[in-house]
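Note that chain A is present in both complexes that follow, paired respectively with chain B and with chain C.
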Partner chain A sequence: MMEFLNFYVVPGIVTGSVYALGAIGITLIFGILRFGHFAHGDLATSGAYLALGATALLGLTPWAALPVAMVLTALLAYGIHRLFYRHLESRPKILTVIASLGIGMMLRSIVQVVWGVDPLAYGSGIARAQAFGPLMLRPREIATLALTLALVAALLAFLRYSKWGKAMRAMSDNPDLARLCGVDNDRVTRLTWFIVGALAAASGFCLGINTELTTMMGWSAMLSMFAAAVLGGVGRVEGAVVGGLVIGLAEELSVLLVPGPYKSATAFVILLAILLLRPQGIFKGKVL
Partner chain B sequence: MNATTARDRPQPILVMHQVRGGYGDADILQGVSLAVMPQEIVVIVGPNGAGKSTAMKAVFGLVRIRSGAIVFDGEDITGWSPDRIVRRGISYVPQVDNVFREMTVHENLEMGAFLSKGDLSAAFDRIYALFPDLKAKRHALAGDLSGGQRQMVAMGRALMLEPKLLLLDEPTAGLSPKYMQQIFQICRDVRDSGVSILLVEQHAKQALAFCDRGYVLATGANRHEGSGRELLEDPEIAQMFLGG
Partner chain C sequence: MASIGLINYATFMGTMIGIYAILALGLNVQWGVTGLFNAGIAGFFAVGAYLSALLTAPPSPERIMGWELPVAVGWLGAMAGAALIAWPIGRICLRFRSDYLAIATIGVAEVIRLVLRTEEMLSGGARGITGVPRPFGGLEYSLSQFAYFALVIAVLLLVYWALERQLAAPWGRMMKAIRDNEQAAAAMGKDIAKRRLEAFVLGAAVMGLAGALYVHFMRAITPEAIDPMISTFLVWIMLILGGSGNNRGAILGAVIVWLIWSMSEFVTDQLPADIATQAKYIRVFLIGLMLQLILRFRPEGLLPEESGQRTASLPPSPR
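On to the complex of A and B.
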């Protein structure tokens, strides 16, 4: 039982948090801007490496570098929108989808040029796990869960109670009517990219600090993030969180049933199943 | 002269003058002219494809206008963007998809006042007094409401900013007769509170019976105008599309 909790459930929840933070971005972009953002994994990678850059250049600890990386990645996401996606806004959405694939490659290549292709880490040394009853948790695992909880709670509160959070929901719900109400489309788009970029950085950072930094890390995690977004219901932030945790757990637990190399196929199986059986997802999101 | 004309004041709140325009290259509107007086309910009726909804959307800046002019409250608003028109004092309720389904009734109303920076409590009180049904349902999601209640949410949302003119596109479409009468009664209350209403109606008979004045549109142009009663009693109109 202890082995089950500590070797499968805890890593599953940690991985799930990484997926959740990424899936929120994917679901917000799909809900508000109406396209599948395939540069999302590489945006997360960029954020993770920007945090690494901040530790090296500014001498910060990894966790202190995270806010810097979140701000920089938010600006990066908005910059990508301004430079590329915005010019495709009036064209069929599939063009933006394909463009985002290209943007993803570009971001990955830039990371490879700057930091090389070998795996890196935020710091060396082995973190000792602390016992919490039967649970053994490492500080970085506790911090990952706390960060995810805090970011999700802050985002949900923002969407629920603030004027511009409501405007974002309105834009996701009924864009024509939102415009009739005088909601400024550009401002909502800008806000969405800032939020999405910051969360992507947090996602990539958590992945990097719990494993290692590789230039393919975001790209590899993106399928799971998409699966999480669809599973939770596209456009649903709370759905993306639940979906992320379910996918993360399912991937870790799948090792009990099938050989390890099939781990990453788990998300794909869940994605296919949910599209066939309940395309609106757990929380009744938009049907793709 | 009947009672309706006696109500008229000299300055109309809205004038459409010989408006031509449409969405693509083809002009759906082939010269529509109409006027709405302060505190008046004006209805546009006509057969399918007559351009009724398009005429209304033209007022709200949702149609490309090729020629003609639209004057609101003494100011030429031809070619203005919808959000500028909202600020100027016109609200528009589309026929379909006119609520935020995933938001509560209260949040829907709040979105109606998105452009307002001030305290909204007085506006909420006013709308809930007009639509008591909505007050009880204020925390329900708009998408979970019945069609009639959803229409009330849409109208309430449009009235939050105290517009001078309310545009309603087929507010009774798909509603039961009970709700239709309720919507019409609310329109009268809204008018009596000082708001002019221009609405498009498919239920021509009922709409002409309740409105102050009506316009009959056909193939994108004016065909008849007059008080609701005059139009109802016109045998040509009766034959045209009212089903005798």
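On to the complex of A and C.
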């Protein structure tokens, strides 16, 4: 039982948090801007490597470098929108989807040019697991869970109570109606990209600190993040969190049933099943 | 001697262009004519390549099949196999907007890659499948290369002719009607989901055929032989640059993009080794940028679709 908890459930929840942070970004873009953002995984990769750059250039510890990376990635996400997506806004959304696939490749190749393709790590310290009753948790795992919890709580409170959060929800529900009520769609779009970029950086950072940094890590995680967003219900933040945790756990537990290499196919199977059985997702999101 | 080398090189390039042109034609059925976003082209290509190889190669104790069937059977098998994989994916995803199809096809390509890397009985392990027969393979090297090049071009023309016929038929007009205005087409009593599925499966079969042509050209294949994202992406740029919805545009795009892509490889190969690896990624960055520029400045492509009133912007109803 303890083995089951420590070898499958704990890693599943940690991976699930990473997916949740990524899936929130995907679900916000899907819900508010109404397109599938296929550069999202590589945006997370960029954030993770920007944090690495901040540790090297500014001499920060990894966790102190995270806020820097979140700000930089937020600016990066907004810059991509301004340079590449914005002029496609009036055209069919699928063109932006295609563009984002290319943006993902561009981001990945920049990381590959600057940092090379060999795996890297934030630090070489060995993390000892501490016992909490039957649970063995490493400090970085506790920090990952705490960070996810804090970011999700802050985002939910922002969306529920603040003026701009309400504007974001309004635009998600009906952009034309929101504009009629005086919501500035351009500013909401900008805000969305800032939030999405910062969350993507946090997601990539947590993935990197719990495993290692590779240039393909974001691309490989993106399928799971999309599955999480659809599973939770497109446009639903709390759905993305639940979806992320379910996918993370399912991937870790899949090893008990199928050979290890097929772990990364779990999310795909869940995605097809949810599209077949309940396309609106657990929390009744949008179906585009 | 140099001139023979040059001719061999040109033949090789021509064959690759022909194979990519067939891929672009397959994508044109899905995207150009029907507005479906397939981001897993490499997956259908790989299925075709492996199936045709397994059907026609000599048996080996390290893997299954190896039935030494005629090459034509391999090609038909490749088309059927790719179509068979496309069918359930299309059934599930074509009810929704193309974003879902895109992520599902990325998933299919990943799963196919996983299976090929894991199941050594299927893919022959690290050595891959070797000894795949090539039509005219018994001839002297240059002649055999040239004969196969001619065969690929013949297949390309055949596919082009068949697709042109299909698109000129009521089926093609109906597909474009569905793409341009789904509601109107539905109101006219067209079974949209079924027609889309037909186009998706047909396009996938054409991609599978391209995979088969590739594997008989190379006479061997390993799971690492093709980079899934880069090859998928190249085909997309070929079609969008050439002109979505126009078969001749797809072929023209294949010629131009493949020439640019291999010329840039030629340039980076001349660089010193320590920056050559980085140059490889700069090439990838530049083709990504090229797509952004085409989407922004020339979305209709070099040879725009020629029909009636439709103007610049391409695909399906903007829902």
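Simple rule for what comes next: the second predicted complex is superposed on the first by the 288 of 288 C-alpha atoms of A that agree within 3 Å, B and C clash if a C-alpha of one lies under 4 Å from a C-alpha of the other, contacts with A are read in each partner's own complex, and residues count from 1 in each chain.
Basically, a contact is a pair of C-beta atoms (placed from the backbone, for glycine too) under 8 Å apart; a residue touches a chain by one contact, two chains touch by 3 or more.
For clarity, every value in this text was computed on a predicted model and none was experimentally measured.
Participant: Identify the partner contact of A:V68: answer first if only chain B is touched, second if only chain C is, both if each is, neither if none is.
Facilitator: neither
Participant: First (chain B), second (chain C), both or neither: which does A:I270 touch?
Facilitator: Neither: A:I270 stays clear of chain B and chain C.
Participant: Identify the partner contact of A:A228: answer first if only chain B is touched, second if only chain C is, both if each is, neither if none is.
Facilitator: The answer is neither, since A:A228 touches no partner chain.
Participant: For A:D176, using the defined touch cut-off, is the partner it touches chain B, chain C, both, or neither? Pick first, second, both or neither.
Facilitator: In the superposed model, A:D176 contacts chain B only, not chain C.
Participant: Spot which of chain B and chain C makes contact with more residues of chain A, would you?
Facilitator: Touched residues of chain A are more numerous for C.
Participant: According to the stated criteria, A:A167 is in contact with first (chain B), second (chain C), both, or neither; which is it?
Facilitator: After superposition on chain A, A:A167 lies in contact with chain B alone.
Participant: Overlap the chain B and chain C contact sets on chain A and report the shared residues.
Facilitator: Comparing the two interfaces on chain A, one with chain B and one with chain C, no residues are shared.
Participant: Inside the complex, what are the residues of chain B that reach chain A?
Facilitator: Interface residues on the chain B side: 82-83, 86-87, 92, 94, 97-103, 107, 110-112, 114-115, 157.
Participant: Which residues of chain A touch chain C once you look at their complex with the stated criterion?
Facilitator: On the chain A side, the touching residues are 30, 35-36, 38, 84, 87-88, 91-95, 97-99, 101-103, 105-106, 108-110, 112-113, 117, 219, 222-223, 226, 230, 259, 261-262, 264-265, 267-268, 271-272, 275-276, 279, 287-288.
Participant: Taking the touch rule as given, give the residues of chain A at its contact with chain B in the complex, in rising order.
Facilitator: 163, 166-167, 169-170, 172-174, 176-184
Participant: Within the complex, which stretch of chain C touches chain A?
Facilitator: Against chain A, chain C makes touches at 35, 37, 39, 89, 92-93, 95-100, 102-104, 106-108, 110-111, 114, 117-118, 229-230, 233, 236, 240, 277-278, 281-282, 284-285, 287-289, 291-292, 295-296, 299, 313-319.
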